[in-house]
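To keep things clear, I will list the structure first and then write my remarks on it.
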Amino acid sequence: MLKVVNLTKRFGGLVAVNGVDFSVEEGEVVGLLGPNGSGKSTVMNLISGALPPTLGEIDFDGQRIDRRPPHRIAKLGLSRTFQLVRLTPSLKIRDNVILPLAFGVFPVFGREAEKRADAALEQVGLAGRGDRLVHDLNYIDQKRLELARAIVTNPKMLLLDEWMAGLNPTELRAAMELIAGLRDSGMTILLVEHIMEAVRALCPRCIVMSAGTKIADGSTDTVLADPHVIEAYLGKAHV
Amino acid sequence: MFLSTLVIGLVLGGTYALIALGLTIQYGIARIMNLAYGEITIAGAFFVLMLVSAMGLSPILGLILVVPLGFAISWLVYGVVLHPLVKRATHGGQLEIDSILVTFGLMFLAQGLFTMFFGSEFKGYNWLQVPVNLLGAKIAAGRMLGLVIAVLIGGGLWIAMQRTRWGVNLRAVANHPEFAPLVGIDRDRAARMAFGLGGGIAAAGGAVLSMYQPFTAIDGGFLTMKALVIVIMGGVGNLGGALMAGLLIGVVEAFVSYAIDPGLTLAATYAIFLGVLLWRPKGLFA
Amino acid sequence: MDFTRRGLVAATAVCALTLTSFSGMAAAQDRTSIRIGYAVSKTGVNAAGANTTTIPNYELWAQDVEAAGGLTLPDGSKLPLEIIAYDDRSATEDLVRSVERLARQDEVDFILAPWGTGFNLAVAPLFARFGYPQLAGTSVVPNIDGLSDRWPNSFWLLGSSEAYAHSLVDVLKPAVDNGALNGKVAMISIADGFGIELSSGAREAFTDAGLDLVMDKTYPLGTQDFATLLQEAEGSGADIFVAYSYPGDTFAITAQAKLASYNPKVFHPGVGTNFPVYAPMNDGKVEGVMSLGGIDANSPAIQDYLARHAEILGKAPDSWASPVIYASLQMLQQAIERKGLDREAVSAELASGTFDTILGSLSLEDNQLKDLWYIGQWQNGNFVGISPTDKAGVADAVIPKPDWN
Amino acid sequence: MSKQFGILAFVVLTAAMAALPFGIGEYGHGVLVGMMSYIVLASAWALFSGPTRYVSLATVAFFGIGAYTVAVLADHLPFGAILVVAGVIGLGVALLVGMATLRLAGVYFVIFSFGLAELVRQLITWFETSVTHTLGRYIFVEITTVQIYWLLLGLAVITLALRWWIEQSRLGLAVHAIGDDETVARHAGVNVTGVKLALFAVSSVLITLAGAIQAPRWTYVEPSIVFNPTISFITLVMALLGGPGRMWGPVAGAVPLYFLFEWIATRFPDQNAVILGLVFVAIVFLVPGGLLSLIDKWRARGSGEQSHA
């Protein structure tokens, strides 16, 4: 589904992502881990097209997508959420969700779009609130809305950038169930996450980055036990 | 011819730079797009004109007196008119629009008052119209003085910004307004200070301008726009950049006028400006 | 669809506002006064010019008429003036609308002309349509003959660009022929209506007269620095320097020429040279500077005009358009005295009559004032007329111009 | 209320506006032209700037291009054809400029758009003075003030209808999303650059046409007359006062401000600038954020009733 080869991104003199290779198979749920500043979010931005890579190649669903603008990547069936919630508050809640439908590969607008948007809202737990304003939503509900917007087009692949950060334990459990539901429906998911509980529960496989390079890739249990990974997270003294 | 054209351009640019310095401080630190900026300059020019023609005092004395006056007026304008808007604004976009509207209104108001008090004819006095010969170009002493004052004020401010605690605070506000309060800087005070300081420099620019050029009650608008062009080219809040960009614009105008066609000097200014905006939107010297 | 409701509210508001603004149309003509209206640029980019030439003379005239007990009508009765003045904010759209307002809402008896070439041309069709005479005292227009055919009520009093060029040539040519001047001309002009008309007229006239135009450059509005242009003019070796410039430029050009000790044998900047402020601004050292316009400083009528202008308005008039504007008002006043408030008759009288003004006895040819000072020169503190060279009261041109100091 | 009723009300309103010139004098016609011109300018400005929140001062660049096109072609083509040419030129310039500049954000775009207007004016001036040697141009087109008013009314109807159509269509979603967060819009599949360019082009063409339609009223044009930067500022202020985010916002700002300016200009010609300045300041303070915020408050209060819009 997704193949990343020698992905590199430089900001001036700073190398944020340095020659990263990995791939994600269809239906897989993969965790992308690493300490703060290790380049995870940059990788997400490179895949979604928000940033152009300095070097390297990204293939998605058989097509090369590096150098493509984000709106064309989105049309191929790749959706994402953002590290800090990003919504469009001048649109009603339902219209936030209709937006990607209306600009999908097969645009859907009008009644049909409303129906599908409401279904997506129901799926994330916002049933019946489509006519309200974004400002009326609390934090978890805004996260839910963002997810609804990402999944309403029924994407082939979903990028979640710390989508579960900042939730309390009850909310977290609900959120994990939501993701599990998506996984069970067959959606391919790449998620950046710091909450280990969620990673262990959702991701059979993990990729770990540190200082812009990939340092581990494999089954979650193995990776999390890898001394390099522990060193990267906790520093040398703990090894 | 090359050298003398260069000198003419540099001297011309000196005035531009001086006027732009104040605006870059106002806009960079106080974050207010002040469309009434040029009116402070013209107010300074009128003030010196009154001192010179009504009381027979020296324009140099006027220059010294006009700086605190410009500071005080701008400080007050910030406190009375702009501060409430800053406090009210829920996001940057709203403040931007509010400040464009309100300073545009102030511009009208000031131009109206100048016209009522001084009339709309050209005003001026004659002073230091003695030629100074510099590398083959004959330059008015008053104009030379403009260049010298611009360099002095620009250099002095730059040193103050780099070396004093006060300057460091102002720079912190300019570069990272959101973090300034975390390290104990009162953003509002810094903004008011910067706005006043910019006004003081604007008034000084007006005093210098009046020494060699007639002006009218409505000339402020042109000055604001020229200053704005230079501020953007130099990089917002960048004193050295404003100085360089001002000189650069002066030199370009002189050379286009001499070598290409005087009809294209202003077009060249704007073309370069638009080019800079597209190529390096953060300014040439960012 | 709530926009429709708001739309209806907006529409109602529009209609209400519009209609109320037109209600209470002009009051009945009970004839306790003569209503005179004008719209000029009190503010905006044209204000400096309008406030130097047009507005002071309108005000001076109004005061003079008031002091005389009002305007005299053919039956010998006198009616006071009622002045309605608007600001066109230096925008033609505002000017056009103000004139429509004066004619149709205020229903004034006469409308005085606005300031400037473009602005007078812009309202000429309106004056024609509403049947008002237009006495344009601040317009220098090309192809002037066609204009009065198109708008028979329009009167162009400041001459055509060709006339200025030929008058200048009349002054220069003898000096070139006798070797006092080398016949080379350096000309700069502002890229605006005024500069273009005059420079294109001059270009032709210079060539026809066999003068050598060695430099011919335009500069845009807003230019502040003329050092490079003057440098080039000096380098061109021309004895004759002509600038068709606006007041601010004129002052800057003069100041910078003095600084650079650039002292061509003929120094002729544009509008502003004829402003009273020109001499003091240059420490009075303006002897020999030529420009457009001029006055007959020895004429008692002009001396009286200058004195009253200074006394009543607290400032001196310029020596080009100001006396022309004042004379145009005297013409209007006398035409009204002869023909009353019938605008058609007044227009006809203006076109054919002879009037006694501060410029002497004037009559128009083809709706134009041709008996006019085109070129003047600063001599002994006055900006005196030196061309047409055969005009009564002419002063001899001083060529070459003396040194700046 | 149904869509049909909305359209019907719009048609009735248009007919009423079209009938306004009957029964009022020529000064009234002039006032109507001025008012309708600013309705078009403010609405067309808001078509692009409202939802995208790009503050443009390029209004007069396009307005002037329209007027100048008429001045150049008045003797050579019928007026209708000139309008078409003006529109095409406006479109070309808008596309060229838009492609180069729409990645500038915030105040940089503000300054850029101002500089653009000045650049266009300088270039036309230079061309006319150096190449054709005629700066001022006469416009003799046989057209009455009322006809100009009707043309402007038609343009206003087109502008508002376009805005309405955009709000109804999926483009409306995209436009609002761009105003809020371009990144989100991009990732939702919106070709942000394309949408902005299209809006900028449409808005610019409308403004160009407004300038072209009005030009015959002036008889004589020069660059300094038709590229008067005050037009850009007045347009901006009107649209901002009314609220550029709403279809009727610019109209709601243009009409009262236009009459206010007219009233001030005729009642207090000598204190014009001072009063105008005070009015500006007062508007900012008394109507915080413009009428837009008031409308938002109404909207918040009546958000239930809007749900079926």
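For reference, chains read A, B, C and D in written order, and residue numbers begin at 1 within each chain.
Methods note: a residue touches a chain if its C-beta (ideal position, glycine included) is under 8 Å from a C-beta of that chain, and two chains touch if they have at least 3 such contacts.
It should be emphasised that the depicted structure is a prediction, and the values quoted were computed from it without experimental measurement.
Just to be sure I understand: going only through chains that touch, what's the smallest number of steps from chain B to chain C?
The fewest steps needed to get from chain B to chain C is 1.
If I average the CA coordinates per chain, which chain comes out farthest from chain C?
A
Comparing chain centres built from Cα atoms against the global Cα centre, which chain wins on proximity?
Answer for the innermost chain: D.
Which of the two pairs, A-D or C-D, is linked by more C-beta contacts?
Looking at contacts between chains, C-D has the larger number.
Round to the nearest whole Å and give the separation of the Cα centres of chain A and chain B.
Taking the mean C-alpha position of each chain, the two centres sit 48 Å apart.
Roughly how far is chain A from chain D, going centre to centre by Cα mean, in whole Å?
42
What is the distance, in whole Å, between the centres of chain A and chain C, each centre taken as the mean of its C-alpha atoms?
Once rounded, the distance between the two centres reads 73 Å.
List the centre-to-centre spacing of chain C and chain D in whole Å, with centres computed as mean CA coordinates.
35
By residue number and range, which residues of chain C touch two or more other chains?
42-45, 191, 218, 220
Touching two or more other chains, which residues of chain A qualify?
none
Specify, in ascending order, the residues of chain D that touch 2 or more different other chains.
In chain D, residues 122, 125-126, 129-130, 270, 272-273 touch at least two other chains, as defined above.
If you connect every pair of chains that touch, what shape comes out? Choose line, ring, star, complete or other.
Shape of the chain contacts: other, as it matches none of the listed patterns.
Hey, which chains are touching each other here?
Chain-chain contacts present: A-D, B-C, B-D, C-D.
Mind listing the chain A positions that touch chain D in their complex?
Residues 48-50, 69-71, 74-75, 79-80, 82, 86-91, 95, 98-100, 102-105, 107, 109, 131, 133, 149, 153.
So in the complex, which bits of chain B are touching chain C?
1, 4-5, 8, 12, 111-112, 115, 119-122, 124-126, 129-131, 137-140, 212-214, 216-218, 222, 253-254, 257-258, 261-267
Given the complex with chain D, which residues does chain B contribute to the contact?
Residues 33, 81, 84-85, 88, 93-94, 96-98, 100-102, 104-113, 115-116, 225, 228-229, 232, 261, 263-264, 266-267, 270-271, 273-274, 277-278, 281 of chain B touch chain D in their complex.
Tell me, which parts of chain C touch chain D in their complex?
1-8, 10-11, 13-15, 17-19, 21-22, 25, 42-45, 85-87, 89-94, 96-98, 100-101, 103-105, 117-118, 121-125, 130, 189, 191-193, 195-197, 200, 218, 220-221
Please name which positions on chain D make contact with chain A in the complex.
Those residues of chain D that touch chain A are 51, 169-170, 173-174, 176-177, 179-181, 183-192, 245, 303, 307.
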